[in-house]
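Working notes, structure below.
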Amino acid sequence: MAKELLEGNAAIAEAAIRAGLEAFFGYPITPQTEVLEVLSGRLLEEGRVFLQAESEIASINMVYGSACTGTRVMTSSSSPGISLMQEGLSYIACSEVPAVVINVMRGGPGLGNIQPSQGDYFQAVKGAGHGDFHSIVLAPATVQECIDLVTLAFDLADKYRTICMVVADGNIGQIMEPAELPPFRPVRTAAEKAQLSWALTGAHDRRHRVITSLYLGAEKLEAVNLRLQAKLRRIEQNEVRYKEYETDGADLLLVAFGTVGRICQTVTRQARAEGIRVGLLRPVTLWPFPSARIAELAPQVKQILVVEMNAGQMVEDVRLAVAGRTPVDFYGRLGGIVPFPDEILSQVRAFAPQTEPGATK
Amino acid sequence: MAKELLEGNAAIAEAAIRAGLEAFFGYPITPQTEVLEVLSGRLLEEGRVFLQAESEIASINMVYGSACTGTRVMTSSSSPGISLMQEGLSYIACSEVPAVVINVMRGGPGLGNIQPSQGDYFQAVKGAGHGDFHSIVLAPATVQECIDLVTLAFDLADKYRTICMVVADGNIGQIMEPAELPPFRPVRTAAEKAQLSWALTGAHDRRHRVITSLYLGAEKLEAVNLRLQAKLRRIEQNEVRYKEYETDGADLLLVAFGTVGRICQTVTRQARAEGIRVGLLRPVTLWPFPSARIAELAPQVKQILVVEMNAGQMVEDVRLAVAGRTPVDFYGRLGGIVPFPDEILSQVRAFAPQTEPGATK
Amino acid sequence: MAKELLEGNAAIAEAAIRAGLEAFFGYPITPQTEVLEVLSGRLLEEGRVFLQAESEIASINMVYGSACTGTRVMTSSSSPGISLMQEGLSYIACSEVPAVVINVMRGGPGLGNIQPSQGDYFQAVKGAGHGDFHSIVLAPATVQECIDLVTLAFDLADKYRTICMVVADGNIGQIMEPAELPPFRPVRTAAEKAQLSWALTGAHDRRHRVITSLYLGAEKLEAVNLRLQAKLRRIEQNEVRYKEYETDGADLLLVAFGTVGRICQTVTRQARAEGIRVGLLRPVTLWPFPSARIAELAPQVKQILVVEMNAGQMVEDVRLAVAGRTPVDFYGRLGGIVPFPDEILSQVRAFAPQTEPGATK
Amino acid sequence: MAKELLEGNAAIAEAAIRAGLEAFFGYPITPQTEVLEVLSGRLLEEGRVFLQAESEIASINMVYGSACTGTRVMTSSSSPGISLMQEGLSYIACSEVPAVVINVMRGGPGLGNIQPSQGDYFQAVKGAGHGDFHSIVLAPATVQECIDLVTLAFDLADKYRTICMVVADGNIGQIMEPAELPPFRPVRTAAEKAQLSWALTGAHDRRHRVITSLYLGAEKLEAVNLRLQAKLRRIEQNEVRYKEYETDGADLLLVAFGTVGRICQTVTRQARAEGIRVGLLRPVTLWPFPSARIAELAPQVKQILVVEMNAGQMVEDVRLAVAGRTPVDFYGRLGGIVPFPDEILSQVRAFAPQTEPGATK
């Protein structure tokens, strides 16, 4: 298929449809409203289900119910709306049903504003709801990655019967870039759903199944948690994804994700042009985090600089990976401000003065 | 005042009243329902406000509104109910009004069960709502600490105009112990409220004030965030609290909070009696975390063992503090199971074999 | 099609599907839960939409939204649930979109009980929501009428772009009787919806349409109301339906609807057998009410007795029709009690002593 | 106390406070928002409870709960908001607890507009919620009556343990007139509440009480209903209130309530000045309706003309009272239009041509 010019939010919507999304439940909130807008038209065209619920709480609980039936299902919101879904997310996680959640993050806390932000990193990777669980968290940096990671999100959600969250921001959601959409996958048929070992598809010729997150006995709930934790370990082993740029022989390692990760690619190129030995690691999975690779790189560099559009959240996961072996510093902008390459570059220059005089690659 | 026999949840309620709690909004959920039950009677006796709202979302937004008027206000819930409050918490944090929140944690994720748990550590200290903020988080280990920390919670909430969360569990909430209640402080009078520089007390003889979490301009919202972050730094500097037991000359440092922290005190005593050089650091503030003290102790011990009633959450903050200087291990029970001293002790024996021969039990 | 043994609630559900019901939104409440139960399975089999909303308020607003698109839509509930829909019903009425609402009435007021009742007559025919409007209200007395009137309800709702309510009670809902189902009508196709002059089907090749109940100018809102009233007059002229039994030469006219109407048929037969000249008029449309026919019959009889399973509601409409020309009396049972034929018969005997000695038809 | 210039909505609020209103729960909606606005300030000044709930449904259920404790309680809304309260009203009615409800009616149906209307007559007097009950309904026509009838509403609600609704419209709510407020009555003390035979005041030294609207047995629920109906009959006997103007020797009897009732006073004066023998009966209680007095007047006049700001609702109650003895006609305006005296006068002239020749003042 040829590339076409696509807006990030529209690309997310269309990619979901092509990945076999059968039912969407959501509530509009800037800066992700285009996801709903596109889906409200396209899903009906495809004869599938689009429902604007009366709130984010209704949405996530409809996602939960729908997921239980083996339906490929998604919701989408932005920061405050995702906060409203925390109880439902925890129920889904414990019930081990697949669901895809999009968070097009905006400036916070509170109502904040509708500018791009990465302020919900902690919520996404650590504390999405009460109890012990993690969602798989994917962070696209381009419109093409929006498409690819939404597709992947459905696959991983199905594979691990887990929540897979895609965290974008208003910047990625609203830029337009050439990108290629994958071919259409059909929605899951009734027969295919009936083959699923766990889905509630009507107990016509088999025993009833129960999907629940309630386990009154402590022993039973511990067993459920141990199974959940074992699954999380498998995910950590198999699903770490990241991109590296110029990390070979770097003195300074930048670590950044999403929109800032992309800006740091520019910064890396510019810094290298100035002769500064900079590399970039851009996590694509925020959970599981590429800790092993960062641990590996840490002793090879003199300094690590984490750049985020928040007050410093992913930097904790970097520090955990580095475990004191290399200094880790942080540069961030807040309130919906996207840092310019120049301001990051001047941070880079301060940290890693030009080490190869005259170097212009 | 003399000691009396008090149940943890009842102590939380009565301590709140004596700290000047003027209005409570909440919704019943096991295992914290006794907090509501006691307050529903006692607040009315005192001529104050008790309101059982129609949901946790209603509760936290009433807390928000009430806090804006300079009223000392509190809500209380357990894990799923606290998840439902995440949006409201983020609004309160950004609006910088004081509020006290009690979370009597239960087994999760999802509905889980009603047994004691520490599974909401991450949610409380990292990701309580979207955006960049932290609540002050206090973790009592005894009924007396329930009283003292609830009292402190109101003071810190007022001092920093912030959310102060007290995280207990069903165990602390329901044990009975002798404890001493403080004297009564009066509720804030209308005149005192009128003195508050920020509260909405009626703009009779002054300009209108606005309390909001909405700042559409990115520059403005960044400024708000920088002020918030500066406040968080002040809290980190001034408000770290923890307890130490036998840390002098310890080979193995236990780190544990709340109910398990208390059990680890017993374990420490027993291990010392066996001649094992064990010490215990019990964080009282989970945020700000006693990272500096742990960093200080880390090189003095051979091993650190973090014990939690979850799958390993606080252990990350310990590792961040230790930064690779000492091995950090973890032991946890899940699903609402409270570990017995014996099982922790056998962990301790495995890590730190008896180092003082002849030690008399 | 041959007759089969059907339960009233199931018959309502299946008749709705055969009438072309495309989407159902509802919330379970005894004694109408079987309607949802059957639809939840059958609609999915037919590839249509069944959604259990989070409340009756959500349900009726989804009905409203769905109706705006030209979709044949229905909700179903019982007394308290219908009260929760009053705002939504008023919005739908003003917006002039077709919707079918089933009320399987239970004992009231309040939670009351789950026994059969006719206590919502006033609400259905007079005050369903604020403002000036009437729904068409149909009252089946048999399982066959459940089928026929649900089918009719969809036709009338479409024809007049109005709410058509079917009021049954737990008795009709749960009895089993032989009845014949009509053939399947297809759901409205997208092309057929696009032909509707008012529906929101996507303004691809035409000007946008607006469906609203908000008309800020008083002149405009009066014009809307005059159009509504003119429509109500047309309905009154064309859609009155009732059944008569033995009214020729009757001295005593019974008027009763639904379950009691059916019991009064037995009473009429028994009374006639005793030589009492009793006739029965059973309104099938409660609104529009068969006032003209009652006015016509009034001077021909000596006495009218209205029998209801409530404290006397339809009796007002009978009195309005009679306008003083004949004495109108009332007999009713309350609280979910269905009167026995014998007790009505003794009322009949008291009012109209045997006038044909020895008469045994 | 001297007269002062008061706005209708403000007068309602202040009268409620002086009548001993202890707690108000409501949600803003034009054209009654001033009631909330005044109460939000005044109730706090008086140390009582004002709570803006999250919806009208929350409001009416808080009213229900609060009323159960013997607290004098009120809510206030406008047409769509009152529709949302129908379930709660039915619960309160069955539970027989006193509550005052203000409906400042606006143009309907649906969202309609915010102009004055009388479109909720049916809802108020017939079908306020499911099941068999009536609220007492009072209709003020002046600011002074707003005060007097709100005061009376609390007395009647208490006396009969019933809902007492005051139906005004935006016109009465927003005009300013001189009126006299009554002296302050204290709120009910805890000791006085404890004396109430039914209130839930804490079962310290007596058996527990239960307030419910759930009576699963049909016999029991019928007994409850018979008690309710007996109470309604007592109210009908004792509490009918109306005003008459020039009814002696009238040929044409106008019947009108509230704002139109007041306009019809002007019309009556003008018509009399023209020599037309017109009288006016203005119902002050819409339920119980002054049927007996209208029945008495009916044969004395040649014609009755009912004037309403709706499509003809109270006219049914007039016709029921008249029972065919006199022609009853109707004149109404819709959509929030308040009829001018002149247009009613020309109706009057058409009906009752000048009967006293020479009379032109």
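Miscellaneous remarks
Chains here go by letter, A, B, C and D, matching the order in which they are written, and residues are numbered from 1 within each.
Methods note: a contact is a pair of C-beta atoms (placed from the backbone, for glycine too) under 8 Å apart; a residue touches a chain by one contact, two chains touch by 3 or more.
These numbers come from a predicted model, not from an experiment.
Of all chains, the one whose CA centroid is most distant from that of chain A is D.
Of all residue numbers used at the contact between chain A and chain B, over half are used by both chains, marking a mostly same-residue interface.
One finds 29 Å separating the Cα centroids of chain A and chain B.
Taking each chain's centre as the mean of its C-alpha atoms, chain A lies 52 Å from chain C.
In terms of their C-alpha centroids, the spacing between chain B and chain C amounts to 57 Å.
Shown for chain D are the residues that touch two or more other chains, of which there are none.
Chains touching one another form the pairs A-B, A-C, B-D, C-D. Across the complex, chain D is touched by residues 41, 49, 51-54, 58, 61-62, 65, 202 of chain B.
Chain A makes touch with chain B in their complex at residues 57, 79-84, 86-87, 89-95, 105, 107-115, 117, 119-120, 122-124, 126-133, 212-226, 228-229, 310-311, 313, 316, 319-320, 322-325, 333-337.
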